[in-house]
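In the two complexes below, chain A is the common chain; its partner is chain B in one and chain C in the other.
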Partner chain A sequence: MTDAATTVPTAERRRRVLPAVASYLPFLPAIVLLGGFFLVPLGIIVCYSFWEVVDYNVVHRWTLDNYHYFFSVTAYVRTMWATLWVSLVATGITLGLAFPFAYWLSRYVPRRLRAPLLVLAVVPFWTSYLLRVYSWLTILGQKGLLNRFLQWTGMTHHPIGLFLYDRSAVILVLIYLYFPFAALTLYSSIERFDWDQLRAAMDLGATPFGAIRRILVPQIRPGIVTAVIFVFIPILGEYLTPQIVGGTGGVMIGNLVVNFFQAAEYTRGAAVSLLIAIFILLMLVLFRRSLSTREAYGG
Partner chain B sequence: MAADVEILSRRGRVTRLALAVYGTLIYVFLFGPIVLLVLFSFNANRYGTFPVTAWTLKWYRAAVSDYQIHDAVATTLKVAGEVTAISVVVGTTAAFPLVRSRLRWRDGVRVGLVLPIMIPGLLIGVSLLVLFTGPLHWQLSPQTAVIGQSVYTTPFVILLVSARLQGFDRALERAAADLGANAFNRLRFVVLPLILPAIIAGALLAFTLSLDEFIITYFLIGTDITLPIFIYTQIKFGITPEVNALASMLLAASLLVLALAFALPQVIRASRRAVRFGTGRRAARITA
Partner chain C sequence: MAVTATPASQASEAESGRAGIELRGVTKRYGGNVALREVDLEIRDGEFFCLLGPSGCGKTTTLNLIGGFVGPTEGTIWLRGRRIDNLPPHKRPVNTVFQSYALFPHMSVRDNVGFGLRMDGVKRAEASQRVNEALALVGLEDYGDRTPAQLSGGQQQRVAVARALVKRPAVLLLDEPLGALDLKLRQRLQVELTQIHREVGTTFVYVTHDQEEAMSMADRIAVMNLGVIEQLGTPFEIYRRPTSRFVADFIGDANFFDVNVDGSVAVLSDGTRVPLEGARTSGPATLMVRPESLRIGDADSAPAGAVPGRAVKSSFLGTRVRVAVHTEASVVPLMVAMHGEAQSSVPAEDAEIAVWWAPEDAIVLDSSRGES
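And then the complex of A and B:
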């Protein structure tokens, strides 16, 4: 199609450039939406975090005050570490629980039942996030199932606040929220693994642990990495779960962001948001080798 | 794979039983809270929890006749409709160059386009709040919430449609061109029908995501309320049976749309196949 036109270079170039431009044109709406309302606002947040507020007005004067302020308040710094800790623990337990489940599904469940059972496990992930957090109130709350049951059986006479409003309640609900996703990603990589390789490795003298470490883990690593990233990152920016079941003991960094913005302290809120973004960026850089988008796009 | 499970030793059988019990417990864990929530919405007990005193529909009646809830439902549906329209148009058009053009930084662009899914909604919400109230001086309204939600739902449509385009046989388009179809007709009669299932699935997915979205909306909608925000403000005062009823209805709605999202594309494909086979058979009869 293009070879015949080599005698007319300029016309040919135009013919080649125009379709190229035209083929990028469909990106325009996405560039406007995701560029203008996603990247630009993130850039503004970065700027805000380094700007000053004078008389409730944001002044374009560069400063590190917002960060100084955050790190000068012990409660904030403690909340930041607690958030990282909660994310780490919740991600670890979620994956730890999801692995045997995925293993069971791919190895022990009859083939025709696998797809329906997998869908069943993933369905909660697509239902309302708020309602799934709320549903735990009916179990853990002051008037929740657990307390009512204990009172009804006469084991206690006053409701126990213990089940709710602390860090462990937050971790429990977070595991509940992200289990389906971890199970799905782990399942799809475990399912492809050829378990005879493990047996072969052991026949050749590998210890079970050695075989798992050197044969199984490298092959299912992409699944593990995807699960870690997609569980850890949203938990870093969690707001609702600590807000609803966490109380004062379960506050996370996301709650600080909301508090700052609701108090109209935009620049301080922006600084805390940027801290979350930096942690996310670190995660992505750390795992960039094993992270592939090809699969998500079906290629 | 299944065969070696059958000839397992005693230990193997114990493992299998233990894992089956474990799997069952996982499902109890996943569905227990939701089932209880729905159960308590039918409970006459005023506290909305244990014990069950009698079964009733009065909380549903109360929820259905609440004016505040009417408003919230109207706003939620309006926002969800607009979000769906935006994400389908933007997502579908973006999927084409993403899959088809020789993009220089394809992997980078791909990561960039799914970034709004990876990043916590909280950050999308606050950064847009700053943009709208700061530099742009826009009044917060359902429209600003629509923009915020679209940022989050569009990548899902991009993913679905580009996955479909990836498996698309371009020879079909060339054949149509050889037969004299122009670009518009190729798109209208060849490409769009083939990727329609993915577009419909994307639309329904965007719709459910929008129905349930909380945090972005919370920051951007101003004084209006959507259903999730209404429920959130009620939760602050503890569990009430009306909220249980409302929550159950919202759950049912999102499950319904979700089921459609998965079932409809297959129904479309199946019906097309039926039509094709039908005409084929008729043609065969005619030639016979």
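And then the complex of A and C:
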């Protein structure tokens, strides 16, 4: 085949190349969409982050000042680390809850009951995001359900303000918001698992927990990685939840971006956004290996 | 080859003559369904034992009870005099070959086979040695580095056997291990499994619904139906001396007559009186005769006690010819098996003939038992 190709005259070759180009035509809408709505805006953000603002106007002068500024303010750097920490903890707990749920659903729940249960897990998505976050105010707030319950049982006499406006409240709401993503992703990869393998592992001397760790988890690693990506990345960029239930005590890096843009400091906001993007990119590169092992298992 | 994959450590502890596995009054209920009904069973140390029966008869439940994947509702299970029904699967000296093989797809063949040894904390050098021996035992020495997906069905099955045997269990449980394979391969692996059994000397408990498979491999067979053991015996006993209509029907082909026993004679429904071997209690019963025990001939030259009939159809099946004979003595046509080389004596269709058999080939079955 390759031997023949080298001796083919140019006219002949052109006749082959043209259909090859034509075969890419169906991708044109996708290329336009991806370019117009993703690559171009990303390019603008990259450019903005290296320009500067003078009198509320973006001036096309190349500089690293935006990055310098971000890292020179201790509060910003501290917020960055806090954001990472909150995202890690929230992702960890979300997956820690979603895994037993998905395991239980795919192993012990009769097939006909699984769909209704999955729908129940997704029902909150039918209401708006904002509504779901605000509803937590009525649970955690000063006059919220939790305080009223505690006062009713007599455990406290005064409302406790502690439940709201700190990082733990943010983490709690984030877990609530992202649990369905993790549960659905994990369920779809556990669902196809051959449970005889766990029985075989236990038959060969593994404890139940050891069988799950050595046999089930390695085989659903792509699903776990996908769940981590689905949960961790959006949480990194969260700004409404920390603003509503976190207050000043729960500020995350997304809030900084919003603040910068609202203050017309577009270039500084762009630099912070890009920092998040770079971090996510690094993480995806790290995870790429885990995702591609899917083929090694023969599907 | 040097085969050391014998259950040496456990075998030395065993006292000779003691039952390998014992089920005492075991009942297993799932909700309202009874899967196993007060079963008593003794499996001898080192024997190749088959649990045979149709789906839902309780054979797989019995296997799972021995393996520890389910617990008995009532009764106890013993292994070499030690009670094991209260032990979890990973604490029993019992290993299983699953119907789906349940190989671990993310591990190499070598790691699959070595998994049980790793769980036991066997030292690496010894484990490697034992894995090699187990792979050699099933003829897969050169396949250790492949993944299960790169093996054929028969090879995967062999890996499953090696993986279970490498732990030198006291008992190997096999749950329809050849069910997913085609006939030719199945027959070859049946021979291989019996050879492996002879080499390692471990007790094999083999579940199947295929009577031919059970007959060709087992030392003894327990035929199960509706949660009870219908009959337990060697393949010969179960085929030649079935004790119930269910067993006679399930193992091989059988012709049944509704008869009235009168001393040492059975009266067929068409009035023919056929002699029986030995005296029986009088009353209604079922008479069973295997197709190969039936003889065919002209009505004129037939001996006393021959059943008159008409040849309906004859089919050439290679090693034998099957002749269907319509008689007044049975509802369905009788099946007669003739030797394949006896072509000339096969009756023409619609020929008036007679069918008879030797008294010792007729089995009297209690008609009230084992209706399927």
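Going forward, the second predicted complex is superposed on the first by the 229 of 299 C-alpha atoms of A that agree within 3 Å, B and C clash if a C-alpha of one lies under 4 Å from a C-alpha of the other, contacts with A are read in each partner's own complex, and residues count from 1 in each chain.
Simple rule for what comes next: a residue touches a chain if its C-beta (ideal position, glycine included) is under 8 Å from a C-beta of that chain, and two chains touch if they have at least 3 such contacts.
Bear in mind the structure is a predicted one, so any value in this text is a computation, not a measurement.
Asker: Which holds for A:A201: it touches chain B only (first), chain C only (second), both, or neither?
Answerer: Touch status of A:A201: second partner only.
Asker: Contacts for A:G92 in the overlay, against chain B (first) and chain C (second): which applies, first, second, both or neither?
Answerer: So A:G92 meets neither chain B nor chain C here.
Asker: Per the contact definition in the header, classify A:I139: touching chain B only (first), chain C only (second), both, or neither.
Answerer: In the superposition, A:I139 touches chain B alone.
Asker: Is chain A touched at more residues by chain B or by chain C?
Answerer: B
Asker: Counting only touches as set out at the top, which of chain B and chain C does A:G247 meet: first, second, both, neither?
Answerer: Neither partner.
Asker: Once the complexes are superposed, what residues of chain A are shared between the chain B interface and the chain C interface?
Answerer: 296-298
Asker: Provide the residue numbers of chain A that touch chain C in the complex, in ascending order.
Answerer: Of all residues in chain A, those touching chain C are 194, 196-197, 199-207, 210, 214-215, 218-219, 296-298.
Asker: Within their complex, state which residues of chain B touch chain A.
Answerer: Chain B residues touching chain A: 1-2, 5, 16, 19-20, 22-23, 26-27, 29-34, 36-37, 40, 47-51, 86, 89-91, 93-94, 96-101, 107, 110-116, 118-124, 126-131, 134-135, 147-148, 150-151, 154-155, 158-159, 162-164, 166-167, 208, 211-212, 214-215, 219, 228, 231-232, 235, 238-239, 243-244, 247, 250-251, 254-255, 258, 262.
Asker: Residue numbers of chain A touching chain B in their complex, please.
Answerer: Within the complex, chain A contacts chain B at residues 20, 23-30, 33-34, 37-38, 40-42, 44-45, 48, 58, 97, 100-101, 103-105, 107-111, 117, 119-121, 123-124, 126-132, 134-139, 141-145, 148-149, 152, 176, 179-180, 183, 195, 229-230, 233-234, 236-240, 244, 254, 257-258, 261, 266, 269-270, 273, 276-277, 280, 293, 296-299.
Asker: Contact residues on chain C for chain A in the complex?
Answerer: Within the complex, chain C touches chain A at residues 67, 69, 88-90, 94-96, 98-100, 102-106, 115-116, 119-120, 147, 149, 163-164, 167.
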